[in-house]
Structure formats: structure tokens, C-alpha cells
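Here come two complexes built around chain A, the first alongside chain B, the second alongside chain C.
What follows is the complex of A and B.
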């Protein structure tokens, strides 16, 4: 656990000094909203219907920056090898990286969400708090798979495109459910299916996390 | 011995395919449909469903071989996984091609974002990514490890993908093997099973051939390296 925490600490310190990931993710999301507005000129009613999808498109497209960045910085200085040589289980490295990627992404999401509310003129209500567990669960699913696949893709010639190719089909169930849940909250109709669906997302988060945690050892070794 | 087995397999396959084509187009009575094109289109079922089944079988073998590789670290498991993934992608591609050919006369559209269709497409994309990953990596133990990891995660994801879109309304015909209304009648069932067996045999043949080819490539590469040293 100590190794994981020190990786987390190092990553967060790096991020807060440079603000590379958060800034680029935030600006990129803003661009997505703007471009979307140009390309689909739709009425407010339709906009409300597609808003949940748009929010998650912004999250995952921007999230790719963070994921790509996570292992690219380690590779630059040969740090990946040092990590492999650390006398701890590979899972610890995964855990540390997963925590830092997730925290950075959650921070970015909380910074872009107010913009989203303003742009799409959503009604703030007490119910909106339900979005917190939804976004949390969706994001963790995205980053738990994303972290291990980023470590896979970093070894390739063209890591950015390959990470998208690997991650998006695999993470699509989580995204589909998260969009549905977000739609329920924003649309203001929390049906009976809401909590079972949320539980399901969390259950698959746990599966993805556990599998990645166990397999990470094999990615580090040469 | 190996060559002989392959030859026998090939001859059996040839006869099996001729027989199943005869069964499908001449023997099994056509379904009751409102028009001819639907009747004809139904025949594609005997190719479409076995291809889908083989896709799943192939990806399951990728999973098993990947686990075996990470466990035993033998090159042969890696090669089996790759060979099977390639064949799986081929068969799911066939599913994605034959499906729309059937759908156009029956549904009136080539494609719809329906649960079954979408999940098959996602499945295809997962294993395309697996093959792309191998293309982007230099040969070696690193590539073997990374692709084994993706092979395992990919297969674990398959049921989740199917599950995630299941609650959408599906227009896709239900699993006809189940008993009750719409289950396959005698001749159709026989023809279908025959076709399924033939396709499975084809998979076995493909897998053997592709594996042998990969081993051959390895040998050639090794000899090239030895020549370079000299």
C-alpha cells in the first residue's frame, strides 16, 4: 500500500505543478460542447435528451488525455523499468496509478460540470446529487480498465490511437449504463430500475478493477 | 502424420460442405413466408448462426490459450491464441456480413442499432483491437504478455457487453433452439446441426493450418537470425 500511495503522491504533485492533464481535459471538453453545438443545431428539447450522452462523450474523450499521459510520462525517463524493478507486487503500481488517474479525472469532471449546467440550462435540484454516485461509478469503471490498457498501449508505436481502440469497445457497457443513469437523473424520472442499474455498474467496476489488479504484474515484466 | 491428418480433415470437410449445401438448398423444406425473397433469405440462417457460434468458440480459445500462456510461458500457447483470434474475427465478420444480407429483404433495412447487432459489432471491435495491438508491438515476450492480458480482459468483457444491451428491445429473432413456439422443426434442426458441425470442423482445420504456418514463420525467422550472426 505504501508504494501505491507514494506513486499517487508523486503523480498528484506533478499534476498540480504543471496542471497539464486537467487543463487540456477541461479545454478539450469545452471544445466538444462548442463543436457539438455547431454540428447539431437542435432545439432545446432535443438537446435535453442528448445532454447525458454529450456529457459522457466529453468525459471519455477528455479522459483519454489523462490516461495517455499517465504512462507516457513514466516511459520518457525510463521510469517504467524502475517501477518493474520495485520490490513490490505489480498490483501496487496499478493501484497507485489508478488512484491518481481517477482523482485527476474526477477533479476535471467537477470543474467541467458547472459549465455543462450553464450551457444546457439544466435545472438544479436536490435530485442532482444522485449524479455524484453515477459519475463516480462510471468514472471508476472507465479508469480501472483505462489504467491497465494505457500501460499496455504505452509500449506500442502509436499509443494514443491504440489506447482508444482497446479501451472504447471494452468500456462500452459501463458508458452505456452511465449515460442511461445520467439521463434518468437529468430528466428527473428516477424509475425503479435506477438503483439496480447503479449497483450493476459498481459490480462491474469491481470486476474490472480486480482483474486489472491481478494482471498488472504481467504487463510490467519484460 | 500431421500432414495426413490435415489431408483427411480436408477431404471430410469437402464432403461435409457439399452435403450441407445440398441439405440447405435442396432437402430442407422452405419456410412459410409471405414472399419468395424471405424464403430464400432464410437459408442464410444455416451460415449465419454457425459463424456466430464459431466466433464465440474462437474467442473462448483465445482466452484459454492466453491464461495458459501466462501460466506456462510457452510460445505455442501464444501462437494458438493469435491463430484463434484471427479466425474468430473472420467468422464474426461473416456474421456481420450475412446478417444485413438477411435483414434487407426481411426487415427492409441493412442495419439497425439493435442489441444483438450492436453487441456483435462491439465484440468484433474488441478483437480487431487485439490484433492491432500485436501489429504495433515488436515480436518478443513483451508482446506475448501484453496480448495475453488483452485476450483475457477481452473475453471477460464479452458477456458484460451482451448483458449491457440485453434490456433494449431486440428485433433479432430469438434463440430458436429453445423449445416452445418457433423452435426448429425436424429437418431444419438436422440441417442446422449438420451445418454447425461442418463449421466447427472448418474451425479446427483453420486453427491447425494457421498454427502450423505461424510455427513455420518462427522457424524461418530463427534461421534468418542465425544467418545474420554468421
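What follows is the complex of A and C.
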């Protein structure tokens, strides 16, 4: 655990040093909301239907951005190879990178979410707190897979294309379910299906995390 | 009997159809300083990668201190210096070393970091981002990084290539000190004079095999160059 925390600390240090990446991500999300809010003249009802999807589009973009950034620094001076040389299990390296990528994505999300509330003029009800587990579960699903696949992609030349090719098919169920869950909360429509679906997302998270944790050792090798 | 630091038995490595190493048998005792010489493409880097465990041999057996190179205990004894500096540009010199110190569990890290920074003459720049360093400074810092956890086995892959005079001088004197401390050192280089100055033993790698394994004292650099590199223009 010590090694994972060292990696986390190092990553957060670097991330907060280059604040421009956080800022540009935030502005980008703002843009998504502005464009969709003002280009389509649709009723509020239709807007509320689309809103959860837009929110997750912004989240996923910020996540992709964060992943690329987190692994670009491991590539710059051969650092990923250095990680293979360290007296540390691959799982620890995975855990460290996973924690930093997840925390940074959650930070992005917490900056994006208030804009979302304002743009779509959502009522802050007590029920909104249900978005916390929904966003956490969706985010962890995305980052647990994204972390290992970024490491795979760093070994190849066209890393970003490969990353998307690998990532999307695997992660899309989780994102779709998270959009559905978010829609239920925002629409004030917590049906019977809510908790089973949330549980399903969490189950996928656990599987993705556990498999990645065990496989990461082999990724670090040549 | 004391275990050798390193033992390779019938080690081969190929990358698809490219053969990099063929049937290498090699034993290196603790405290030996061995220079590995050979033309570009002879397999020197591949050999070091296999010893450090980042690359697995296609066949054969590699043992460090009687165990697998991938064992955590072996990894903590090892350090690598190559053209890849293993540093983060967006961290300061001190922060980079703090990171490595915590990963390697270095005791009394603060003092140790000061010591290695002093040994590579970078104390005055310790709070500056590595991204702002000149090439020579970055290379000095990577030497500090490698020595930070007091490794007992040092693998150096053409460490002098591209170094400025100051860095070369520092590296040579630090390597001498490491040798006195009884560390095991493997060095690939094109610089035969430095190899002769530092090492007791030398290997010549040619066409994926060890062509020659001898003692430096019995030879001189010009003889080696004549015998093995006379047609090699990259061996300067």
C-alpha cells in the first residue's frame, strides 16, 4: 500500500502543478452544455431526457483527458519501464494509478456538476444525493478499466486510438447504465429497477478492478 | 559457497524472427566490474534487460543471487542507468528522489537525498523542476536516482553516451567508489579506455554470442579495437 500511496502522491503533486489541464477541461464541459442548451430549441421535458447523457459525455471527456495525461507522464522518460524495475507488485502500481486517475476525474466531475445544475435549472432535492453513488460507481467502472488499458496503449505507437478501441466496447454498458440511473434521479423517478441496476454497475466495477489488479504485472513486462 | 551475483544458463532471446541473443552462459561474482563490449545490435541492451527482468528470455535461465530477477528482494538490490532517465519533468529534483526513496523504502531518506544530490553536484538546483534542467543535469540526477537506494547490482547501458565532461567525471568517480564498496557492476560502452580504467573483466558480444570473455589487465584497448572493432566505425 505504501508504494500505491507514493504513486498517488506523486501524481497529485504533478496534476495540481499544471492547473491549466483542470481549467481547460472545465471550460470544455462548459462549452458542451452551452452548445446543447442554445442550439436545440426543445421543450424542457425533452431537455431533461437528454441532460443525463450530456452530463456523462462531459464526464467521459474529462476522464479520457485525465487518463491520457496520467499516462503521458509515465511515458515521457521511460517511467513505465522504471515501474517494471521497482520492487513493487504490479497490483500496487495499478492501485496507485487507479486512485490518482479516479480522484482527478471525481474532482473534474465536482467542478462540472454545478454548471450542469445551473444550466438545466434542476431542483436540488434530497433525492439528488442518490447521484453520489451513481456517479461514483460509473466513474470507478470507467477508471478501473481505463487505467489498465492506458498502460497497454502506452506500449504502442498510436496510443489514443488504440485506447478508445479497447475501452469503449468494454466500458459502454457501465456508461449507459449510469446515464439511465442519472436520468431516474434527475427525473424524480426512482423506480423499482434503480437499486438492482446500481448493484449491477457496482458488480462490474468490482470485476473490472479485480481483474486489472491481477493482470497489471504482465502489462508492465515487455 | 557464496552464490554468484548473476548466473545465466543457455539464455536465448528473439523478437519474432530477429535473434538478439543465442545460448548465453555467463557467471558474474559479487563485486565484479564487467564491461560488455560489442557493436550496435550485438545484443548488449537485450542482455541487460534480461538481467534486470524487464524482458523475459525466450529460453534459458537467469538467476540473480540464486533467485528470479523478478523477485521483489532482487529488484530492490538493482539499479539501471540507461538513456531513459526515469524522472518526471514536472517534479523537482528533490521530489523525484523523494518518490524513489519512498518506493524503495530508503531509510533516513532526507539525509540520503542530500548526500546523493551533493555527490552529483545538484544541491543548488534541488528545488527546480527537472523539466528546466539541461541534459547534463538531468543525467547527473538520474545517476543520483540510481544510487539512492544503495543497489548492490548496477546495470549501466552506455551511460557515457551524450554526457558532458562534468557528468562523465562525476560518473567515473562515483563508479570507482561503488567498486570499492564491493558493488557488482555491468557496463556496456563503446569507450574502451574508460572500460579498461574501471573494470577487471570484459566480454565481447558479437553475433548474439559471447565471443570473448577475458581480463582487462591482460589486454589493452587498442588491441581490443584492432581485434574486434577494426571495421566498426560506430565504435568510437
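FYI, the second predicted complex is superposed on the first by the 215 of 222 C-alpha atoms of A that agree within 3 Å, B and C clash if a C-alpha of one lies under 4 Å from a C-alpha of the other, contacts with A are read in each partner's own complex, and residues count from 1 in each chain.
The rule is simple: a residue touches a chain if its C-beta (ideal position, glycine included) is under 8 Å from a C-beta of that chain, and two chains touch if they have at least 3 such contacts.
All values derive from a computational prediction rather than experimental measurement.
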First, second, both or neither for A:68, with chain B first and chain C second: neither
First (chain B), second (chain C), both or neither touched by A:145: first
First (chain B), second (chain C), both or neither touched by A:155: first
Contacts of A:21 with chain B and chain C, given as first, second, both or neither: neither
Partner chain in contact with A:76 - chain B first, chain C second, else both or neither: second
Partner chain in contact with A:100 - chain B first, chain C second, else both or neither: neither
Which superposed partner A:204 touches (first chain B, second chain C, both, neither): first
Partner chain(s) touched by A:218 [first = chain B, second = chain C, both, neither]: first
Intersection of the chain A residues that touch chain B with those that touch chain C: 221-222
Complex contact set, residues of chain A against chain C: 2-3, 6-7, 9-10, 13-14, 17-18, 73, 76-79, 81-82, 84-89, 221-222
Chain A-touching residues of chain C, taken from the complex the two chains share: 49, 52-56, 72-73, 75-76, 78, 80, 82, 84-91, 95, 99, 102-105
Chain A partner contacts - residues on chain B that touch it in the complex: 70, 122-123, 125-126, 128-129, 132-133, 136-137, 141-142, 145-146, 148-150, 152-154, 156-157, 160-161, 163-165
Chain A residues within the chain B interface of the complex: 145, 148-149, 152-153, 155-158, 162, 165-166, 168-170, 172-173, 176-177, 204, 207, 211-212, 215, 218-219, 221-222
